[in-house]
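Next come two complexes, and both contain chain A; in the first it sits with chain B, in the second with chain C.
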Partner chain A sequence: MSKSLLIKLGLLVLAFILIPALLMGFDKGYYYQIATIAAIFMLLAASLHLVTGVAGLLHLGHAALYGVGAYVAAILGANHGIGFTLGLPLAGLSAAAIAFLVALPTMRLMSIYFAVATLGIGQMLYLVFLNWVGLTNGPNGVMLFSGINLFGLEIDSDLGIYYVVAGVVAVSILVLNRLSHSYYGNALRSLREDDQCASAMGINVTVMKIQAFVISAFFAGIAGALWAYTTGYISPNDFHFSQSILILTMVVVGGLGSLPGVLIGALLLILLPEALRSVGDIRNIIVGVLMFSAILFLPKGLFGEVSALNFARRVLGQGWAAQKGEKGIGWK
Partner chain B sequence: MTPILELDHLTRAFGGLKAVDDVTTQVNQGELFGLIGPNGAGKTTLFNLISGFTPPSSGEVRFKGEVITGLSAHKIAHKGMSRTFQNLRVFPNMTVFDNISVGALGMIGVGPMSSLFGGKARAKEISERSYEMLERVGLADHADDLAANLSYGKRKYLEIARALAMKPELLILDEPAAGMNDSETTELAQFITGLNKEGLTIMLVEHDMGLVMGICERLVVLASGRKIADDVPAVVRQDPGVLEAYLGGDEG
Partner chain C sequence: MKLTRRTALLLAAATALTPVAAFAQDSVKLGYQLPLTGNTAQYGQDFKDAAEIALTKFNASGALPVPVEIIYEDSRSDAKEGVTIARKFVDDKEIVGVLGDFTSTVSMAAAQVYKKAGMVQLSQTASHPDFAKISKWQFRNITTQDQEGAVNAQWMMDKGIKKVAVIAEQTDWGQSVAKGFVEPFEAAGGEVVYTEFFNRGLADFRSIITKLEDQAPDAVYTGFFYEDGAQFLKQMAQLDAAIPVYSTSAAYNDQLIELAGDAAEGLLLTATFLPTRMDANVQEFVTEWDKTHDHAPGQFPAQAYDAVNIMLAAVVKAYPDLTRDSLRDAVAATTDFPGVTGNTTFDENGEPLKELTKASVVGGMFVEVE
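After this line comes the complex of A and B, so read on.
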């Protein structure tokens, strides 16, 4: 069996057999919660990775688009009886639609101005969640009792919910993996490196930036819907600016431009604070110090872009080789 | 001779300063054409007007008979014009191969949908074309290195390979020999002549007369934004206006 197949199988076994087995062994609702939250944040980090890590656009409003997905799913479920099967894609599409409207005027802005614009959009959406009481129920948030109904099958066990979340996140990450590890990913990287030069190569810079932004928002919306369906209750603070920064930190600590890196970063920043729960409030300081040292000593992240691309090309077999048996240098 | 590129009374003013002032000339199909002038003569501005980076104040640019004035840079690239940059603009944090692939993928076209569903044939075409150009400039051993880690001279060839991966009809090289020593310049001159012999039309923009005089069939000389000569090298070399511009003491 080839190494690449072995690793892929290993990851599948880990996500769909080993972790569920462990969760069943402990059988505590709390562990299931941590596992689903970790999976949701892995998707959030992976989606921000496409915009910020690969295309190089500093995006400070990701949590607000995540919030759009969550509110769409929760409101459709609570007020209109629209369940998971339709609610999930609608949540993603709504976040993508809002991102598209935001992107049209902002994509021509230069780096730092774009960052400030996304910060503003994030705050604006947050204030809508908080103050449009008629739609979002304001600071009281939205309760969603319906749970996950998958094509008529009611899924209410902790294990079942874990499987649904893990399944949706795994498929989404596969899509994001293909987008970042392909020539499309190379096109996005060229925008990050020098967008004027990329335009001289015939790349429509604005269109491509909008695409990356909208695709990323779609998956943030999906993550938001998963959050709404699994927690059953959402409130504006779940989508505050500080969450955007948390996701951005996962991307930077994990490695800008590195998909495996940001997944590790997300896991670390969700699991570490939980693992340190026993030491009390000092855990926040410990996490802070660890983040600080990670950036200081590993400025390219825990799993830098160069190693990540090599990993995708050589180990996972996504690379194109000039001759059979040679190492992959391009993309398949 | 059919012209591939025609400049018609092209002018670009920045405030009161006319960086390019009423330039009219043409580049013919298959020609190795030179554009020279002392520092600050307006070469790079003229170049940016042609490739769509700066809109002209007045005048017209025609490429293969079609007016391209005012088109954005990526559209002009798709018409078959490819350029390099004066101050070496490779993508530093991408590998040599990935750099070249951007030239190929810009023309062949990639999108999110094609990379998810059935884009195999395109990916193969991009890979093979990029590899061909990689070998052509002798960088196959460096395919995997980050562009930032290449020597200066190799980065120059990388930039040319990336431009060639676009399979252009007109290649514009902006000061390719800048920063090179004599033997490197000679090697580059041979490489450029070789490309031209295969039928590629090349426009060479240079500050230094040496390279251009040696290999170009026809030259335009710019000084203070104006065209002061347009002829074969042997005639341009004797032109009193050109000598004045170059030796008149305001160079630098």
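After this line comes the complex of A and C, so read on.
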């Protein structure tokens, strides 16, 4: 068995056997909850990673697209009898559709102007959640009583819910992994480094940016649906600007452009505040100090892009490995 | 933590074999989830202080042979954390009941957990119209806006006020303020000439005030907390808008008068708690509170103080057969509980029925009016 296959298998065993075994061992709803939230935020961070890390576009409105997914799933589930099986993809597609609409006019904006535009989009969507009372129930939020029903199978045990969330998140991350570690990902990285040069090489910069933005929104929408179904109640506050910043922090602390890094970043920023619960009111200060030190001493992130790419090439991308008598050519 | 699968399975086996410990009788544990850090920490800290006053008094009274302990967990008013805390409380077999959370968003997200697990949840402030209806496990100790709105509507009718403008914050609570008032007011023959919702923290109310003046109402009914209330009242005074302002118990806070100064004079509101009221319970609470604070307690800490006391009284009633179920039934059976926010009885939905006091700001103080 190749090393690459071993590591992939190892990750799967970790996510689908070891962690569930641990959770069952402790048999505490509290740990299930943390595992579920951590998985959802890993997906959010991984999806933002595609836009901000790989394509280099500073995106400050990710939580709002996450919100679109959550609202679509919750409203469809609560008012229209469309359950999880169909609601989940619809949530992703709706978020992607909205992202596409807002991407059209904004994608030609550069650097900080793009960041401000996404900030505006995030606020606009948040205000829609808050003020369009007829559709979103406004500040009253939406209660979703139906649990997860996957192809007619009612899933209500903690373990079952964990498996559903972990399964959806794992598949999504797999797709994001393929996208960011491939020719496509390389093309996105070239936009980040020098978009004029990339354009001169024949890459359609605007189209690529729109694609990355829309794909990222799709997965944010999926994460939103998972949040709506696992919590049972959503309200605009869950998708406030501060959540966008939280996700962005995960990406930056973990390592811009590094998929394993942002997953570690997401885990850290969800687990650390919980682990520090016992120290009391100063826990947020400790988290802040740790984040600050992480950026100060590891400016490239906990698992920086260069080492992450080396890791990914070595163990995940067989296409990169040099064939006998040939030079390695990169990912296919 | 480094655990192999085998140790994990061993652990699982060990957990399964350990008999579930019956409620240890060395203390009774309650959970309290509230924001102790973050944007709303000032409210959570006040709740904690009020709860500590109630708890210290209770444990000193010897009403139970064992002490009661409250475990506080910081939710930062974030639904993620609120749900996680709820799961944590539910896991702890010794915890028999929970107080909190502060905001409706977090209380309602956590309520889904308590509903599923069967744990009584008594919030001192969750004002969402559907909160108490979530399940039989949810209770609250804050008057509903249906009650406050009806009293205010009647109050205006008595004064011959027929045309009213309604201004409320754009939150679940603000929505219920408007609805709770408009329905009884229109039913009684009144007319609402203008309705506007504003986002919390709005700095400039002048365009709203100008628009409402155009409609020439006899009075304004408002749903705001003291921060927004002070801004609104100051700007009303700056624009010389001489229209009487009615409000709810949420505006009842000494800091409103501090921030708005003379502009607060003449504000009319309904309240359930007045620290100046000459009632033994109220004075005992205010005296204890004043030992550690340099301002009088507002409506919210008073509600928290009562919520804790209601829960403690229910613990006494259910003891020694204290389980989550028996405590829930004891809380539900609360009738005419004498607290600092008036007498409390829960209706079948877990909504508190309270008497409301009419008050006004006169000479920089809230005073009761007839």
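Convention: the second predicted complex is superposed on the first by the 320 of 332 C-alpha atoms of A that agree within 3 Å, B and C clash if a C-alpha of one lies under 4 Å from a C-alpha of the other, contacts with A are read in each partner's own complex, and residues count from 1 in each chain.
As a working rule, a contact is a pair of C-beta atoms (placed from the backbone, for glycine too) under 8 Å apart; a residue touches a chain by one contact, two chains touch by 3 or more.
What you are looking at is a predicted structure, and each value in this text was computed from that prediction instead of being measured.
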item: Fit or clash between chain C and chain B when superposed on chain A; value: fit
item: Three-chain overlay, vertex chain A: chain B-chain C angle, C-alpha, nearest 10 degrees; value: 140
item: Which of chain B and chain C A:Q196 touches, first, second, both or neither; value: first
item: Partner chain(s) touched by A:I215 [first = chain B, second = chain C, both, neither]; value: first
item: First (chain B), second (chain C), both or neither touched by A:S182; value: first
item: Partner chain(s) touched by A:N284 [first = chain B, second = chain C, both, neither]; value: second
item: First, second, both or neither for A:G25, with chain B first and chain C second; value: second
item: First (chain B), second (chain C), both or neither touched by A:M143; value: second
item: Which of chain B and chain C A:N204 touches, first, second, both or neither; value: first
item: First, second, both or neither for A:T106, with chain B first and chain C second; value: neither
item: Shortest CA-CA distance in Å separating chain B from chain C in the superposed model; value: 33
item: Doubly contacted chain A residues - partners chain C and chain B; value: none
item: Contacting residues of chain A [partner chain B, same complex]; value: 175, 178-179, 182-187, 189-190, 192-194, 196-205, 211, 215, 257, 305-306, 309, 320, 322, 327, 329-332
item: Residues on chain C engaged by chain A in the complex (per definition of touch); value: 3, 5, 8-9, 11-12, 15, 36-38, 73-74, 76-77, 79-81, 83-84, 87-88, 90-91, 103-105, 108-109, 111-113, 117, 128-130, 134, 170-175, 197, 199
item: List of chain A residues in touch with chain C within their complex; value: 17-18, 21-22, 24-30, 32-34, 37, 127, 130-131, 133, 138-141, 143, 231-235, 237-238, 273-274, 277, 280-281, 283-284
item: Touching residues on chain B, where the partner in the complex is chain A; value: 51, 53, 72-74, 77-78, 82-83, 85, 89, 91-95, 97-98, 101-103, 105-107, 110-112, 114-116, 119-120, 122-124, 126-127, 130-131, 143-144, 146, 162, 166
